[in-house]
Every structure is written in structure tokens, then in C-alpha cells.
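Below: a set of structures, written as C-alpha cells.
First subunit A sits with subunit B, and in the next complex the same chain sits with subunit C.
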Partner chain A sequence: MIKVKDLAFSYTPKPFIENVTFEVNNGEIFGFLGPSGAGKSTLQKILTGVLRHYTGSVSVNGVNVKSANAAFYEMIGVDFEYPSLYEKLSGNENLIYFASLYKNHRDIDALIKSVGLQFDANKRVYEYSKGMKSRLNFIKALLHNPEILFLDEPTNGLDPSNALMMKDIIRLEKSKGKTIILTTHNMQDATELCDRVAFIVDGKIRTIGTPRNLIMSRGAAQITYSYIDESLEKFASVSIDSTAIDPSLLAAISCNKLSSIHSSEPSLNDIFIEITGRSLQ
Partner chain B sequence: MKLLYLVIGDIRFQIKYGFYFLYAVFSVLYIIILVLLPQNTIKTATALLIFTDPSVFGLIFMGSIVQFEITEKTFDSLCIAPIRPVDYLFGKLISLSLLSWIVGMLVGLIAGDIPNLFWFSVAIIAGSMIFSAVGMIFAFRTDTLNKFFLSIVPIMIFGMIPGVLHLFDILPWWMIFHPGVAIVEMLISGSQAIVALIITLLWMVLAFWVALSTVRNRFGREEGDNR
Partner chain C sequence: MKAILTSFRMLLKQLSKDGMLIVLMFVPILAGFFFRFGIPYLEGIITQAMAQTSVLSDYYLLFDLFLATITPYMFCFAVTMTMLDEYDKHIIGHLTITPLTKNGYIISRLGISTIISFLVSLLVVTFFSLTEWTLGKLICVCFLTSVLCIGVAMFIFTKSRNKVEGIAVAKLSGIVMLGLIVPFFLSGNVQFLFGLFPTFWIARLTIETDILSYVMVITVSVAWIMGVKIGFDRKMAQ
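Up next is the complex of A and B:
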């Protein structure tokens, strides 16, 4: 679906995006995960044909993005990380206008309802809160029912319930067979939604994998437990693959002395720090 | 078809952002001025108002519209929509020249003196399109509205003063090659109107060509562009 090979790009003479090579499969949710300034939005701009002064090859659904044309833009939907809306038009008017630029479009009222904006659809956008603008911006990308979605930090600035609603919509789009590129610096979102993620730092991809495998690849999860020993509570931990050889755990279990037990897997954030030496936030 | 939707969208934008209101105020003002003027000056005064109006508003409105789209980032959404730079350019040129034409006709018919309806209309539309195209060029090449306004001052002076002087018939004949003069010649339905039309068309082609390459550049379509 998306093939990127030896991509390099910079806004300045100093090299920035370099040696970027990856492929995204049909129907996959592929995450760009990285801290602010890593080049995620820049990558999205290259994939969507907005920035064309790159070297290397980038093709999206068989189209070389350097020659992206109207047919290409019918096929992709783009949600920028910032609102891209006419402030003095209502939410509804914005969608009607953008919809008119495409061959076909979805039912606008249904889309508005899907993100809970039905009571604000006729308000002018400048009266919207940041979260409302994000939601409107998001459904604007879905308007023409595109095959491929590019979502740049879609849940950023949303309260938890709206973020949940948006994630459900993203999953629904995936279930319809859409291919989705999801840019985020939120490891929770990436873990929940992405089939695979690319860790991006300083314009380079450090690793690509499924969230699960990335988490598992870095040693086994730890078990921490506490038990009562001579009326004192003691704490200990053991790797999950060594429980059978931990005498105090075995003893605590056989004597019913466990007072608590937890397993803790490293989070994608821990893995990110381990691999890239950088924090996501 | 897409062009039609862009024109409709631009007109909606112009209404919502107050451009029609502003234009209505000016139309009323023009009509009042013309009504108050003595009869023997109306012909010149009509031409003066109708020449300067689409030029000034073409420049300023276009600049403001483009600056709005850049600051509200809606321009970014248009760049990833299935529209061509040429549609973007002409959507705005057509909607703005239509507005100028309506105002010119209203003012001219209600209070002014229109020598020839055909030449009058051609002159308004051509004038609006040329100056709007120039407005777009400067809007994309300046990064703030203030810089934009500064940059168009010379255009207004050198683009419009010869046209105004031509109303008083004091320019040498070869000044007809000046776009402002050519537009005025058509507006007053002068003896050189046909020559003026050809000259105006050449200026239009030049203005459109530069404007289009500016828009293409901004759309990120300067290379490998097959749109």
C-alpha cells in the first residue's frame, strides 16, 4: 500500500530525515511514534505529496507521490495536527464546502453525530473549543470516505471520553479495510490502536515492530509481590520466567502468606527510552 | 464542475467574512457621490470610480482572502484536496470579478453613465482579474498582512495613476500599452477599445501565468506536476 525507500529530506542544508525505509500493508494501522520535533509531521507531509523536494522513493497505492494528482487526493484523507477550518463558517458549512471538492462524500449529519457535534454544527467554528475543533478536523478527513487515512495526533487535546470515541471511529475505519497512518507521541494510543509502530527520533526510524513484540522483546515482565514473614510484610520481585526457582515466592505461596502480587510489563514508553535513549514526552 | 464549487465556496467565504457588506457600503457611497455631482462630470466620475474600484478591491480582497486561508490553515486542506492550482486561482478570480461586475453595474446603472454596456463589463472584469491575480501573487510572497499592504502600494500607484490620467486625455498614445490605460479605454468605450482589449488580454495572460506558478509553488506542485 505504502512503500518508502531511502527517503531523505531536510528543510535546511543540515540533513534531517535520512535513510527512512518502510512499508505499510493494506488494511493496517501503522504508527509513527516519537517525541515532538522528531519529524513525524514532516514524514506525513511527504507521504501526502505536500513536500516534494525529497530524495528516495515514496509510493502510496502505486502512485509516486511526487506526481500526486486529483485522483490521488480523492483516495487519501488527511487530518493535520492543527485545525484547518474556516473560523467564520459553521462546522456544518465547513464540511459542506470541503465535501463539495470531492466526487463523493459521506452523510455529513451522520459524521457530525459520530463525534458528538450535532448540537454545535451550526455554530461558527471560532466559538468551538480546542477539542471540538479537533473533532471537526478529524471528520473532515473522513468526509470523502478515503482508502488511506493520515491522522496526525488526532487525539491530542481531547478529553478521555472524546479520545475514546475517536479511537473507536479509527478502529471502525480499519474494520472497513482502510489503511491508516497514525502519528502520535502518546504511547497508550499507539499500543491500543497500532498493528505496527515505527519509533522515530531525529528524522530517523530506529525500529519497527508490533507493540506487543516490542514490549516482549525487552526481557520478560517482572512480578512484584509481598508476603508476611514473622508478622513483617516483605517485598520482593522476580522475572516472570523464573518463578519456579524463587524460593521465597514458592514458600509464600505454599504457606498462604502472599499479601499482594502484581505483574508489570514494560510500557511502550519504557521500550522507547531503552531503544532510542529518548523519552516520548 | 469543481471550479463552480470553488466559486460558490469563495462567494460564501466572501459573504461570511464581510466582503459583501464592505462592498455594499462602498456601492452606496459611490451612488451618493455620483448623485451629488454636477451632470457634466458624471461620465468621467463613473469611469474613475468604476476603474479604481475593482482594481483596489481586487488587490486588497484577494490579499486578505489568501492571508485568511494561510493563517486559518485551510489552505493546507486545499493542498491535499483533489483540486488543481489553476482551479484555486480561477475560483477566486471569477468570484471576485463577479462581485466587482455586480457593483459596477449597480452603480453605473443607478447613478452613473455607461457609454457601452459590453465594453464597460469587459473592462470591469478584466481589471478585476488582472489586479486580483497580482494580489494573489503578492499575498503568497509576503508573510503578513501588513507586509502585503506595503507591497501593493507601488502596484496601486503605477497601475492606477496612468489609467486615471487617461480619463483626462493627457497621455501620449503609446501609453495604451499600459494595462490601466487599456482598461480605461474600454471602460469609456474609446476609439481604441479593440486594441485595448488585445493589450489587456496579453496582460491577463502574463498575470495569470505568474499567479499560477506562484500558487503551484505553494501547493508543493512545482515539480512533477501533472495536474
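Up next is the complex of A and C:
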């Protein structure tokens, strides 16, 4: 569906995006995960034909994005990082306008309802909160029922319940067979939504894999526990695959001396730090 | 094509929501009324007071040229203000990735408005001119001033980050009209110091129809537009 080979791009003479090669399969949610300034939005702008002064090859659904035209834009939907809305018009008027640029469009009222804006649809966007604008901007990308979606930080700045609503819509689009590129610096979103993620730092892809495999690659989860020994509380930890050979754990269990026990899975953020030497935040 | 017309209708909708811009569109007509009826009246008073046969009437052509220039100028200014608003709200960036595309957007803003402002200038000059205009001269001058204003629009858009800056840059770019006055007041080679103003050549070719003015007006206008287009394209590509 998407094929990128040896992509390089920079805003300045200094190299920035370099050696980027990856493919995204049909029907997949593919994540760009990386800290702020890594080049995720830039990469999305290249894939959507906004920035065309790159080297290497980028094709989306068989189209070289350097020659992206009206037909290409019927096929993709883009939610940029910043809302792009006419503030003097209502939410509804905005959607009607953007929808009318396409050959066909979905039921606008249903879309508005799907993000809970049905009671604000006739208010001017000027009066919307930041989160409401994000939600309106998000459904603006879905208006024409595009085959491929590019979503740049769609849950950024949303409260948990609205973020959940967005994630459900993203899963629903996937279930309809849509291919989705999801840009995020939120490891939770990436872990929950993405079939595969690319770790991006300083304009380069450091690794690509499924969230599960990346987490597993760190090795087994750790168990940490505490127990009472001669009326003192002691702490210890052991890898989850070695519990049978940890004498103090076995002793604590057999004598009912455990005072606490929990396992900790590494998060995608831990893996990210391990692989790239950088934190996501 | 459908998307371009839809986008143009959005331009009209935005203009209609902005009182200042509506007023601006009527400035050429108000100026036309004043020039056509106020100036000859003043001329009557002045010539009598100074006991001369003509004072202002020597410059009637200049008033006409001014009218042919401010008409597209006001149009392009109003359109540029809406474009700056759209840029500021990241809307241009979004329209670029719709079937309208970037070129469609530019056509719907600068292209269609230029055609309209060309037609309106034809009408304004026809109704309000103080001197005789042949159809050929009328079309030629209005075409040239309309093209000039595409350049001015691109210049204002490129050089300002928002409406407030846009208004300041627009006032500054009003200097281009200075070129209209030069051939009326300066004779000899010193007037060619203003040869970089397309308006200088536009005015000159209405006074003396020599081939030089035609060649120069095209050369200078094309050079200006190409120069301004570099920055414009860069800003549009963000």
C-alpha cells in the first residue's frame, strides 16, 4: 500500500530525514513513534505530497507522491497536527464545505455524532475548545471515506474519554479495511492501536516491529517482591522465567512470609529508551 | 473544476463576512463618482479663480489611469486578506491535500478574482473616465493593471504573517502607483529612473504609443511576477 525507499529530506542544508525505508501493508495501522521534533509530521507531509523536494522513492497505493493530483487526494484523508478550520463558520458549515470538495462524502450528521459534537454543530468554531476543534478536525479527514488515513497525533490534548472515543473510531476504520498511518509520541496509543510501529529519532527510523515483539525483545518481565525475614522487610526481584530457582522467593512463599509481590512488564517507552537512547517525552 | 468553484464561493462567503473588505470593494466606484463628477466641477472653480483655461484637465488621463489601477488593487487586497487568514488558520495546508490541490486553490483565489477585477476595471473606466478611451487601449491597460495586481497580491501574501502585517505591507506596496504619475510630470531621461515600476510604462504607453513602452511593460511585469513568485511558492510549500 505504501512503499518508501531511501527517502531523504531536509528543510535546511543540514541533512535531516535520511535512509528512511519501510513498507505499510494494506489494512494495517502503522505507527510513527518518536519524541517531539523527531520528524514524524515531516514524514507525514512527504507521504501526503505536501513536501515534494525529497530524494528517494515514495509511492502510496501505486502513486508516486511527487505527482499527487486530485484523484490521489480523493483516496487519502489527512488529519494534521493543527486544526485547520474556518473559525467564523459553524462546525457543520466547515464539514459541508470540505465535503463539497470531494466527489462523494459520508453522512455528515453521523460523523458529527460519532465524536459527540451533535449539540455544538451549529456553534461557530471560534467558540470551540481545543479538544472540540481536534475532534472536528479529525472527522474532517474521514469525510470522503478515504482508503488511507494519515493521522498526526489525533489524541493529543484530548481528555481520556474523548481519546478513547477517537481510538474506537480508528479501530472501526481499520475494521472496514482502511490503511492507517498514525503519528504519535504517546506509547500507550501506539501499543493499543498499532499493528507495527517505527521508532523515529532525529529523522531516522531506528527499528520497526509489532509492539508486542518489541516489548518481548527486552526479555522476560521482572517480578519484584518483599518478605519478612527476622522481623525485617526485605526486597528482591527475579525474572519471571526464573522463579523456580530463586531460593528466597520459594522460602518466602512456603513460609507465608511474602508481604508484597508484583510483576512489571517493560513498556514501549522502556524499549524506546533502550533502542534509541532517548525518551519519548 | 467543481472544487475550484466551491473554493471560490468560500472566498465570496468570507468577503461577505468582513465589513472592511466589503467597503473596500466599493472604493473604486466611489472614487469613480468623485473623479467623473467632482474633478470637472473643481476644475471649473479653479480655472475661474486662477484665470487659466486648464489646470486639472491636463491630468484627466492620470485620473483615469488611477481608476484603472485601484480597481484591481482593491480586489487583490481583499483577496489577499482572506488568504492570510486561511494561511494563519492552517487552512491552505489542508486544502492542498484535498482534490482542490494547491494549484486549484491559487486559481480560485488569484485567478478568478483577476478575471473579475479585469472586467470590473473595464466597466469602471468606461463609466467614469474623463478622457476618450479606444477599446484597444482600455483592454490593454486594464489587462496590464490586473496582472500587476496578481504580483502585488503575491507580494503582500509572501511578506506578511497575518492580516495586520498584511495591511501594513499593502500600504507600502501602494508605492507602485507612483509610477503612474511620473510620465505626466517628468520629461527627458530622468523619468526612466522609474523604469522598474510597471505602472510607469503603463502610463507612458497611454501617452505616447511607442513600441518601447509595450516591450518594457511586458518585460518589467514578467520580471516582477517571476521574482515575487519565488517567495510565494516557498510560502505555499510549507
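Note that the second predicted complex is superposed on the first by the 281 of 281 C-alpha atoms of A that agree within 3 Å, B and C clash if a C-alpha of one lies under 4 Å from a C-alpha of the other, contacts with A are read in each partner's own complex, and residues count from 1 in each chain.
Please note the rule applied: a contact is a pair of C-beta atoms (placed from the backbone, for glycine too) under 8 Å apart; a residue touches a chain by one contact, two chains touch by 3 or more.
Quick caveat: nothing in here was measured; it's all calculated off a predicted structure.
When both complexes are overlaid on subunit A, subunit B and subunit C end up clashing with each other.
Shared-chain residue A:88: touches subunit B and subunit C both.
In the superposed model, A:199 makes contact with neither subunit B nor subunit C. By the touch criterion defined above, A:30 lies against neither subunit B nor subunit C after alignment on the C-alpha atoms of chain A.
When the two complexes are overlaid on their common chain A, residue A:272 makes contact with neither subunit B nor subunit C. In the superposed pair of complexes, A:102 makes contact with subunit B and with subunit C alike. In the superposed model, A:225 makes contact with neither subunit B nor subunit C. In the superposition on chain A, contact of A:67 is made with subunit B only, not with subunit C. Subunit A residues 48-53, 69-71, 73-74, 76, 78, 80, 82-89, 97-98, 100-103, 140 lie at the interface with subunit B in one structure and with subunit C in the other. Subunit B contributes residues 2, 5-6, 8-9, 12-13, 16-17, 72-74, 76-84, 220-227 to its touches with subunit A in the complex. Per the touch definition, subunit A reaches subunit C in the complex via residues 48-53, 69-71, 73-74, 76, 78, 80, 82-89, 97-98, 100-103, 140. Those residues of subunit C that touch subunit A in the shared complex are 3, 6-7, 10, 13-14, 17, 89-91, 93-101, 104, 237.
For subunit A in complex with subunit B, the touching residues are 48-53, 64, 66-67, 69-74, 76, 78, 80, 82-89, 93, 97-98, 100-103, 140.
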